[in-house]
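Starting off with a structure, shown below.
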Amino acid sequence: MVAGRGLYVGRFQPFHLGHLHAVRKILNEVEEIVLVIGSAQYSHDINNPFTTGERLVMIREALLDDKIDLRRVWLVPVPDVHLHMMWVAALEGYTPRFVTVYSNEALTRRLFTEAGYMVKNIPFYDRKVCSSTELRQRMVNGKTWEKYVPKKVAIFIKETNGVNRLRDLSKSDKA
Amino acid sequence: MVAGRGLYVGRFQPFHLGHLHAVRKILNEVEEIVLVIGSAQYSHDINNPFTTGERLVMIREALLDDKIDLRRVWLVPVPDVHLHMMWVAALEGYTPRFVTVYSNEALTRRLFTEAGYMVKNIPFYDRKVCSSTELRQRMVNGKTWEKYVPKKVAIFIKETNGVNRLRDLSKSDKA
Amino acid sequence: MVAGRGLYVGRFQPFHLGHLHAVRKILNEVEEIVLVIGSAQYSHDINNPFTTGERLVMIREALLDDKIDLRRVWLVPVPDVHLHMMWVAALEGYTPRFVTVYSNEALTRRLFTEAGYMVKNIPFYDRKVCSSTELRQRMVNGKTWEKYVPKKVAIFIKETNGVNRLRDLSKSDKA
Amino acid sequence: MVAGRGLYVGRFQPFHLGHLHAVRKILNEVEEIVLVIGSAQYSHDINNPFTTGERLVMIREALLDDKIDLRRVWLVPVPDVHLHMMWVAALEGYTPRFVTVYSNEALTRRLFTEAGYMVKNIPFYDRKVCSSTELRQRMVNGKTWEKYVPKKVAIFIKETNGVNRLRDLSKSDKA
Amino acid sequence: MVAGRGLYVGRFQPFHLGHLHAVRKILNEVEEIVLVIGSAQYSHDINNPFTTGERLVMIREALLDDKIDLRRVWLVPVPDVHLHMMWVAALEGYTPRFVTVYSNEALTRRLFTEAGYMVKNIPFYDRKVCSSTELRQRMVNGKTWEKYVPKKVAIFIKETNGVNRLRDLSKSDKA
Amino acid sequence: MVAGRGLYVGRFQPFHLGHLHAVRKILNEVEEIVLVIGSAQYSHDINNPFTTGERLVMIREALLDDKIDLRRVWLVPVPDVHLHMMWVAALEGYTPRFVTVYSNEALTRRLFTEAGYMVKNIPFYDRKVCSSTELRQRMVNGKTWEKYVPKKVAIFIKETNGVNRLRDLSKSDKA
């Protein structure tokens, strides 16, 4: 394992098994993970149904249930700035110092590469289903989604009626 | 009639007969209506052609022409905040205290329901034509629109060359 | 009386007898007044204790109690933009078209004069006490303030415990 | 101990022994603490010298060194919204659900009280020195400050040359 | 040639031969051109790949290579305000005073016409290819684009690996 | 002379002889200067009386009158972001690439030093009078200011009645 911290940015709408898998992979490679909850200011829209508070709970319960030591995880909400030329600086300001960036997202990879960081890919885990977009679509359409998220996430979404919220949002002109 | 105020939020681009009908319905049920002109900061784009000032004039002239007592109406422009988790709080800050929310819009209904308000539907009035989206489309395409808005609204839009503005905006890459 | 509308901008924290006096003066000179509630997004700080909703209620009740016809008054909340080069344009966008600007405030006078508007002074009414700053100070210090505001304003502030809120805010490091 | 979570908001510029004392007190009363790092978007000014990332490290190391179980602590950065009418809603959106608010700050107390929360005071701990304002002043003036912050905080500030940064900022016209 | 300045607004993503042609045309008609680099805050997205700094370099090198006298050109970045009612005021604030507006863009023409400016069309130059949208598409797809931009622009984009950046951005979910 | 560009950031409210002196010094050391007009969005307040457009005219006329070759000067307005952790990134995005930063301002020096830039001081030129703050004060108080600014700046301020504007702003509660 390499000393230092690895950055992993996502919106986690919701946090699924692919995300959990990535967290484990990264923790095999670096001492600590900085898990950034991006687009932190958004919620209640079709692409961002859950608030940051709800995402914090889902993610942390999933990590704990997976026996991941919280002392190795920094869970940090960061609001979007929308000005890409400042995005790396914003992340550097909100987070503990990190040395490696883990991302498959083209923009994130490009921005951190231009800024001089080492950027690594994350091996995919059942990509076809374990995509938040796909899972939100399944929730709206009444298809199976529960088995693609950590058990604690499924419980939380059910207890808070998250699927109903998402369905309502899917009918909105505005969300 | 129930004591207290009812909230009714719209963009009113433009204010049409369905909106006027809804105002009358609501005034049959509650003492006062809080009529919020949403997206108040926007104008001169294809979905929001009219400024807040223009919308204020159109709505108020239509209400007066319909013999509605202004003392029962609060006409309040509110800019969008885009952060849905704060939208109810923003509306509470900009308006007199209200008890009931009237809306058919899924996001609005969801947010106020989560915040604990009583939310009611508005009976539709000739929904197919009396939709602002449909009316803007008709203006752009040179079809009949005048008979679906209050007389005073039609006069205002004509006097201010509103249809020409909308047509110009419909040609823009940016609006 | 001159045809057209007169613009009158204030924060009205709170609306006092001097403001009411100015409204009457302006209504003697022009057909309609556009009463802008400025800094509409602020509340709960020592200089802006009341929300826009509270200010709307205070002002409208004072006007009605003074037998002012609401059909001659446009009561329009406008958030600050803080970019002075855009302030006139913002006000033009939020309000019905106006021809004269009434203000004693140096910045407002300067901006509207540079934009080519006719700008008029407002004769002062008991300036020493009828200043919102002075009245907020009196509220905090437990001195008389009630007789310097319209009766309905005093009642509203008392019923909503406005003085306690202001006192709390005066103790804050942040407000 | 009461079930549920307690909210504790601060800027922690820097995190001192009084803050640590408050965290312990709150953890005696409720199951979990939601520790909000406020003004998260600010850094490098005289009142907010440290970034959110730096504050996260300082706080977490102090908590761990004090044998506090991270599973009982939610450490959540939240940017200021500056619109007080939306502040409670913003905090509710960024955090896990909480039932009690711990604060001595007048504005925070007022806003959460108006929103219907139970608000409790925090017993002060050596208030005269254990104030972030006082400690920043001591750093600028070259007086003792180390013994008023947790040991790990002192080490971090020294290793990152925090005092030099603060002194530079204190000379700036802009910070 | 008419005394005074002409305004010409574009995003110049990238600056192509049609833009250069327009600059020459305008300089035949007015003494000085105010060349506004719009959407100045954006970069690193599929429609706005280049930063303002990069655009400044590309445009200035192209003008100098074309023997255009810099004393006749004001090159001014202006960030979007997104509130169209304030856009003319924003441009007036950021630029030297101008008398004529050159634009083929419907929204720009409409806003400046409503504000009382003289607005002129720009004769097109090989419109089919000399469109920034078309050129970005060609870059992504590996088709010829170099001959449609000034020589210096092509060199700059190659030296800075601009095409690779654009291709990366085209794969992003977010850009 | 060293190859590359030097960055020089100021608000230039107004541009005075000390600024001109600094520009000449920097042009003795580096090939090109990037002259950033900071706080570009502000005007019409007591500390920022002039718009960006007015500052552009004043500075450029002073440079030309001083026989400075515009091909060696990049004059770039940049709006404040207020988030210091992003300020270096914002400047990097708005400007051509630079290697050295010239500044006497403590915050600017600190931020660019932390970002790894070479930062140099600017030798002062009659500091006591050649300060924009001092000059604005002199304008308000009717004292001599003309001889401390470039001749073209003095002419511009007189022709545009700049001193009257500043005096009006100095009387405002809001500016």
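Here the chain labels run A, B, C, D, E and F in written order, and each chain numbers its own residues starting at 1.
Convention: a contact is a pair of C-beta atoms (placed from the backbone, for glycine too) under 8 Å apart; a residue touches a chain by one contact, two chains touch by 3 or more.
Predicted, not measured: the structure shown is a model, and the values here were computed from it.
S.K.: Return the chains shared as contacts by chain C and chain F, ordered by label.
M.R.: Intersection of chain C and chain F contact lists gives D, E.
S.K.: Taking A-E as the reference interface, identify its repeat among C-F, A-F or C-E, namely the pair sharing over half of the contact pairs by residue number.
M.R.: C-F
S.K.: How would the chain E/chain F interface be labelled, same or different, where same requires over half of its residue numbers to be shared?
M.R.: same
S.K.: Going by the touch criterion at the top, tell me which pair is linked by more C-beta contacts: D-F or B-C.
M.R.: B-C
S.K.: Hey, how far is the Cα centre of chain D from the one of chain E, in Å?
M.R.: 47
S.K.: I'd like the Å distance between the centres of chain A and chain D, where a centre is the mean of that chain's Cα atoms.
M.R.: About 26 Å, centre to centre.
S.K.: Between chain B and chain D, tell me the centre distance in angstrom, where each centre is the average of that chain's C-alpha atoms.
M.R.: Comparing mean C-alpha positions, chain D is 43 Å from chain B.
S.K.: What are the residues of chain F that contact at least two other chains?
M.R.: Residue numbers touching two or more other chains: 41, 43, 51, 83, 85, 92-93.
S.K.: Chain contact topology under the given definition, line, ring, star, complete or other?
M.R.: Topology of touching chains reads as other, fitting no named class.
S.K.: Please list, in label order, each pair of chains that touches.
M.R.: Chain pairs that touch: A-B, A-D, A-E, A-F, B-C, B-D, B-E, C-D, C-E, C-F, D-F, E-F.
S.K.: Can you list the residues on chain C that touch chain D in the complex?
M.R.: 41-45, 51, 165, 168-175
S.K.: Taking the touch rule as given, give the residues of chain E at its contact with chain F in the complex, in rising order.
M.R.: 40-41, 43, 51-54, 56-57, 60, 64, 70-71, 74-79, 92-97
S.K.: Residue numbers of chain E touching chain C in their complex, please.
M.R.: Residue positions touching the partner: 81, 83, 85-86, 88-90, 92-93.
S.K.: Quick one: in the complex, what on chain C touches chain F?
M.R.: Per the stated touch rule, the residues are 83-85, 105-111, 114.
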